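You will see two complexes here that share subunit A, one where it goes with subunit B and one where it goes with subunit C.
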Partner chain A sequence: MVKLDDIKKECKSILEEGKVKYIVGYKRNNNYYMSIPAFIEKIEETDQLIWDPTCVYNLVRFLRDEKLRKERQKTPDTRPIGVIVKGCDSRAINVLLQEKFIKRENVYIIGVACEKSGVIEKKKLRKKFNEKNIKQIEFGKDNNFIITTEKGKTTISAEEILAERCIECNNNTPVIYDVLLGEKVERSLSEHFRSLEKFESISTEEKWNFWKKELDKCIRCYACRSVCPMCYCDECIADSISLAVKPDTTAEEKAQKIRWVEKSPVSSENFSYHLIRALHLAGRCIDCGECERVCPVDIPLRYLNKKMEKEASEQFGYTAGLDPEKPALVSDFKDDDPQDFII
Partner chain B sequence: MQMILSKMNFSSWLKKLNSYRIFAPVKSGEVWSYELVEKPENIILDYPNTIIPPKKVLFPQREVLLEFESSSEQEIKLKEVIPEETPSVIFGIRSCDASGLAKLEKIFKGGFEDLYFSKRKNQTILVGLACNIPPSPDCFCTSVGGSPYSKDGLDILMTDMGDEYYVESVTEEGEKLIESAIGLFNDPEENVKKELEKIHLESEKKIKRYIKDIDKISSKLPEIFETEFWDKESLSCILCGICTYSCPVCHCFDINDEVICTFPLKGKRVRTWDNCQFPDFTMHSSGHNPRPDKASRLRQRIMHKFNYFNENCMELLCTGCGRCISKCPVGIDIVEVLEKVRVYEK
Partner chain C sequence: MRKRIGFFICHCGINIAGTVDVKKVSEGLSKYPGVVHSEDYIYMCSDPGQSRMVEAIKEKKLDKVVIACCSPTLHETTFRNAAKVAGINSFQCEIANVREQCSWVHKDMKKATAKAIKISKAAIERARLNESLEPISVPVTRRALVIGGGISGIQSALDLANSGYEVILVERSPSIGGHMIQLSETFPTLDCSQCIMTPKMVEVSKHPKIKLLTYSEIQEVAGYIGNFKVKILKKPTYVDPDKCTLCDECTKVCPVAVPNEFELGLTRRRAIYIPFPQAIPATYTLDINNCPGLFPIACGKCADVCEPGAIDFDMKPEILEEEVGSIIVSTGYDLYGKEEMAEYGYGKYEDVLDGLQFERLLSASGPTMGKILRPSDHKEPKEVVFIQCVGSRDPELHCAYCSKICCMYTAKHAMLYKHHVHDGQPYVFYIDIRSGGKDYEEFVQRAIEEDGVIYLRGKVSKIFQEGDKIKVWGVDTLSGKVIEIDADMVVLAMAMRPSEGASELAKKLKIALDKDGFLAEAHPKLRPVESLTSGMFLAGAAQAPKDIPEAVAQASGAAVKAVNILSQDRLYHSPTIATVNLTLCTGCGMCVDVCAYEAIKLEEGKAVVNEVLCEGCGTCSATCLRAAIKVKNITPLQVHEMIKVALGG
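Right, the complex of A and B next:
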């Protein structure tokens, strides 16, 4: 298991050397057992850092904010920012590099291997514990989790509360990093598409009813989009001004803009939003599960993204975020690409 | 009017109210929300806070304001769509949410009357349930002028007394609702009244979160408007719509024309919830946005709730329901932010 002290030591040393502007990591939420993102600028602040099964966030998301901030500053500090990444998160960096959204020198990657463990899923946890009573969740010695409540400590096997995506993960070790903490160990807890395949086995009609019911719940808070490291577009079809308006955008252009999705949370618009988002993530989603985690009304968004991932893998032998040098799925073709869908 | 209703008689009371549409908390999966209930006898009043507050009943996320249609280039026909609401009752509403609706009333029925809201509000009776145990560890109603048994905005307040409810009418409408089934109610005995007082006082003590010196914070906010404070506090915000959509008093809206057919032109003018955290909120047509970043958006949310509204209406635009704390996907905590404002030194 990765030792928190090793993470702190690494963070202290890069801050001391002035290698990074600040580090994005995890710290404890003062009133709750969960972690929250930590933005560490000073050496003494590294003591706030934590590493435990509640470190669910994909912090790569914050590279976009840094980029925007730099664009607005007149004389920006051009040093990279440090970011702590798990295996899945590291693949998001690769996607951003492939798409040339960030440069390699913009980020100092502190990779942390999940080894045989991973992070928790709140929904699973809630079934076993009253969340209000939980004080802390830690990694145990034998790849299990130790949960502290008012009544004391309970040990629970990782699989029982491990996030579904962790169970299905093939990249428990970061694939890109400046420094790697923890061991590279092989593991595949389960089939990579196990929950999707279970879902795929139901009939088309059942699927339709399922999605109608689920997507009708959507309140279009766009948390799923906002939390996604890959949803970085200036112009998003979901916004009512779906046009990156600049001072030199002409009135004509503004008048001609097409509104792809209305703001109304009704079936047709909710379907449009989610299908467009899923398609825009084909070959890009790295299954960090953040969209599903943040959804306030528990819509199982991972199915949509997993489906795209499976198509990319089966049709084109492509897995997102493994190699920053390789062209992205949708910007490349091979002569023997399948064409049977072309009529 | 103060009455006792045995829990066994609760569903009989609801059945008597069959001329009303009844809204109550309903659970689907893990998510609770206020929905129109077909079988009132199935209502469960032991529930945590709903994700979306009951504002959605009176101020729905999508509202058609008018319909337009043109048969020729010269002529456009407009049809106003004002809601024809049947009398409704919201059952089991929490004190914080009821006071939220009272605040919305000040906004939508204040200087200018919003017919869409007020038509519904005028026909809706609010039956509250005191929180003997705070439904969320993030509740802080007592810090913002509320209490777990506040009657603000309610027509009736019910308190769970074990086998029975203590039912108190606050308004005439509430009284009528009780009278319509008076046979089911009993007069409370003196010791029960004492017991009620005790339950209420105890419930207040169970609230864990507290904002110190709220008045000072409120007047200090403008002083720190132009500081780095907001940059630091908003670092982890992802700019989603959760805190505002789930807030019982956030009420910003957007108006769009939804065109069904371009020739002949036909469509609807629709009002939908909007919120200050979205990138296109207050975007000018030039592309300039006076609130261009996370810092200015968080600042707007806090300033509006704890300063601007306070100056205009002499009260806070927050009921202490704690939803924005519990639901924020990155743990931004409004009570903590306010505490940091309190101790902030430039």
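Right, the complex of A and C next:
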């Protein structure tokens, strides 16, 4: 398992050398067991850094904010920012590079291998523990987690509270990095796409009913969109009112704005929104699970994206975020691509 | 200002009216907002039909018209031109396809009529938002490039040059001439191939309008119709043709001997060689791959004996950049591979030859000076078996297609063999005889009746060597008899296939290949010499197996097609092209990757469309996640409005 000291050491050294402007990592949250993102600018702040099974967040999202901030500044500090990434998060960087949203020199990637472990899923944790009593969760030996509560320490097998995406993951080591901490370990806790079996086996009608029930809950808070590292458009196609009208937006452009999706949270519009999102993430989603984590009404959004990921993999042999030099899923074709869907 | 829209629906005889109640559609549409004129007519595309439209536009002051008829691929141009005549912009005329997409595919009149109304309404919604556009015009570079110096390429180049246009003829081997120059005599007249070919080759070399580049390959092609930019790699021959006196001293001292390509391995040549005496350009080539070494010079004997000092070991590959307006591709054919035909002993037994090798044996300038002798022991073969359809018409194992020329050249081979060896007996195994063509059938009959060629209808089951004979086992399916022939020589009519490297070249040119790897024509019947890429044309066996007259005819056809372009002052291009909304573009470059025409580039982090390369296919628009790129007159807003109407909203 990666030693926290190694992470701190690396961060200290790059800050000392002035290689990066600041580092995005994880730190402890006051009075709560979950970590929170940390923005480390000074060497002494590196002591705040932590690395434990609650480091669930995909910090790549902050690269977008940094880019926007830099665009606004007159004389921006052009040094890269450091970011701590897990295997899944690193693939998000690859997608952003592939889409030319960021440049490689704008980011210093501190890759942290999950090895045989991963991060927790709160839903699973809640079933076993009273969240209020938990003080801290740490990586234990032999692929276990150590949970500290008011009553003392309990050791639990990681798989019991490991996030489903971590169980299915086969990219547990970052694929792009400036420095890699931890070992590259091959592992297969379960078959990839196992979680989809349940959905694929049910009838079309059952699927419809399931998604109708789930998507009807949506309150269109757009938290999924806000947290997603891929949702970086200035103007989302789902927005019909809050369009970014800039000084150079012409009258014709304003007149041509189309309301593909209405704002009201009703079945048809919710379906439109979520299906557009799923399609726009096809070949781009790297299964960091953030959309599902932040959903206030617990819509299992991951399954929509996972299904697209499976189609891309099985039909076109494509996995998102492995190679920033290759063309994206939807902008590439081969002579032997399947065509049986064409009537 | 409120739009005044005219609507017309065509009966197309009963093609549309048989399934769609056209009166009802016309009536229904007459009440649609903005429609001030609505009528039906039996044939809108007919002259009176078009006149009705023109009159309606003038009388009722229409500013947009929608015609519900057949597919826009057929009559869009007709109606747009008529609209222009009537005085409105041609892009204010829109087609609603109610035939291919409605009447032809439905039976229930009620439902088909309802659908036709929706399709028509959607087209009206689209037309409502159509911009008036004018074609984009571009200048033309009045020069042509011909790729491949066989008979087709030579013919195209000469036709173009004689029309007054400059031509660059590129050939990858050291001499032009292609396969035709290897042939002995040609069917059905039996005139000597070299005798009719060499005058054309000489004409090419002397023509002031033709720039001949042999031993050269196409490296890169960019640009578009009328304005292609081509990079040509000219490989070094290490011999200066101006100094070379063709004294042949160099080959006498060259220590290397390799199979001679021109003689198809029947003889050997030196590392420095001239492909054949009449080669154009008439000069020697040093084959660097077989030379003992130039860097550092390992042998250098040829240079030592070269009195005029024509051999220059320091010659370097050159890259020439040329601009042309049109390209003709005539890359020809190769014979199906030896390695594929092991069952016929090809490549195993010396006396099993392919058709081209037999041509060389027949040729007066060939390795045997026109005597038919077996390669193994130089004896005259007394019984020769010719096998047709070797590799052709065999969808399971080899090529599915018919190579077309083999029936005729096999008859020619058998006939010529008989002319050389009077006491010999030729046999031909065939599936059927395909002798369509002027004087072709008579030629085959002559071989059978006058020259006593024995035709056996059936396939050969086994070929093996026994002593100095080649045993051929087969069956005559007409008599049902098993046939065993102790042959002295076997000649295989190998299938034709696209020449090596044709597919790589096609990728560089961005022209399509068919399922067999031949260059694909734009339409099998009506556009047989055009490729799918505008400005590029096809000639000869590169497009499909064909004989000399057909290849020459297609080459001349391709030349005329090229002249169509080169004779214009400017070319006009459809203005329905993609445009980028720079505010929304994030510069992800997906449109760049997806564009089949390489019309989009990223400049300063934003997509930029080349308006001449863009064909308006809309793939970029469908790919863009930000809806930042749209095609004129089929914008997302238009699509949205069309969907809204189609859904009944």
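Everything below uses one rule, namely that the second predicted complex is superposed on the first by the 339 of 343 C-alpha atoms of A that agree within 3 Å, B and C clash if a C-alpha of one lies under 4 Å from a C-alpha of the other, contacts with A are read in each partner's own complex, and residues count from 1 in each chain.
Basically, contacts are C-beta pairs under 8 Å (C-beta built on N, C-alpha and C of every residue); 3 or more make two chains touch, one makes a residue touch a chain.
Just so it is clear, the structure is predicted and the values come from calculations on it, not from any experiment.
Visitor: Is A:280 touching anything from subunit B or subunit C once the two structures are fitted on A? First, second, both or neither.
Guide: second
Visitor: Scan A:101 for contacts with subunit B and subunit C and give back first, second, both or neither.
Guide: In the superposition, A:101 contacts subunit C only.
Visitor: Quick one: subunit B or subunit C, who's touching more of subunit A?
Guide: On the superposition, B touches more of the residues of subunit A.
Visitor: Report for A:233: first if it touches subunit B alone, second if subunit C alone, otherwise both or neither.
Guide: So A:233 only meets subunit C here.
Visitor: Which holds for A:249: it touches subunit B only (first), subunit C only (second), both, or neither?
Guide: It touches subunit B and subunit C both.
Visitor: On the A-aligned overlay, A:332 touches which partner chain: subunit B = first, subunit C = second, or both, or neither?
Guide: The second partner, subunit C, only.
Visitor: Could you tell me which stretches of subunit A are touched by subunit B in one complex and by subunit C in the other?
Guide: Residues 244, 246, 249, which sit in both footprints.
Visitor: Within their complex, state which residues of subunit B touch subunit A.
Guide: Counting only subunit B, the residues touching subunit A are 28-31, 51-52, 61-62, 137-138, 209, 232, 235-236, 238-242, 245-246, 254, 256, 258, 270, 272, 274, 278-280, 283, 285-288, 292-294, 327, 329-331, 333, 336.
Visitor: Quick check: in the complex, which residue numbers of subunit A touch subunit C?
Guide: Within the complex, subunit A touches subunit C at residues 99-101, 232-235, 237, 244, 246, 248-249, 253, 256, 258, 260, 280, 327-328, 330-332.
Visitor: For a test of understanding, state which residues of subunit A touch subunit B in their complex under the given definition.
Guide: Touch list, subunit A to subunit B: 29-32, 34, 36-37, 39, 57, 61-62, 65, 68-69, 72, 123, 126, 132, 217, 219-223, 225-227, 236, 239-241, 244-247, 249, 254, 259, 262-266, 293-294, 296-298.
Visitor: Which subunit C residues qualify as touching subunit A in the complex?
Guide: 581-584, 586-594, 602, 605, 623, 625-627, 635-637, 640
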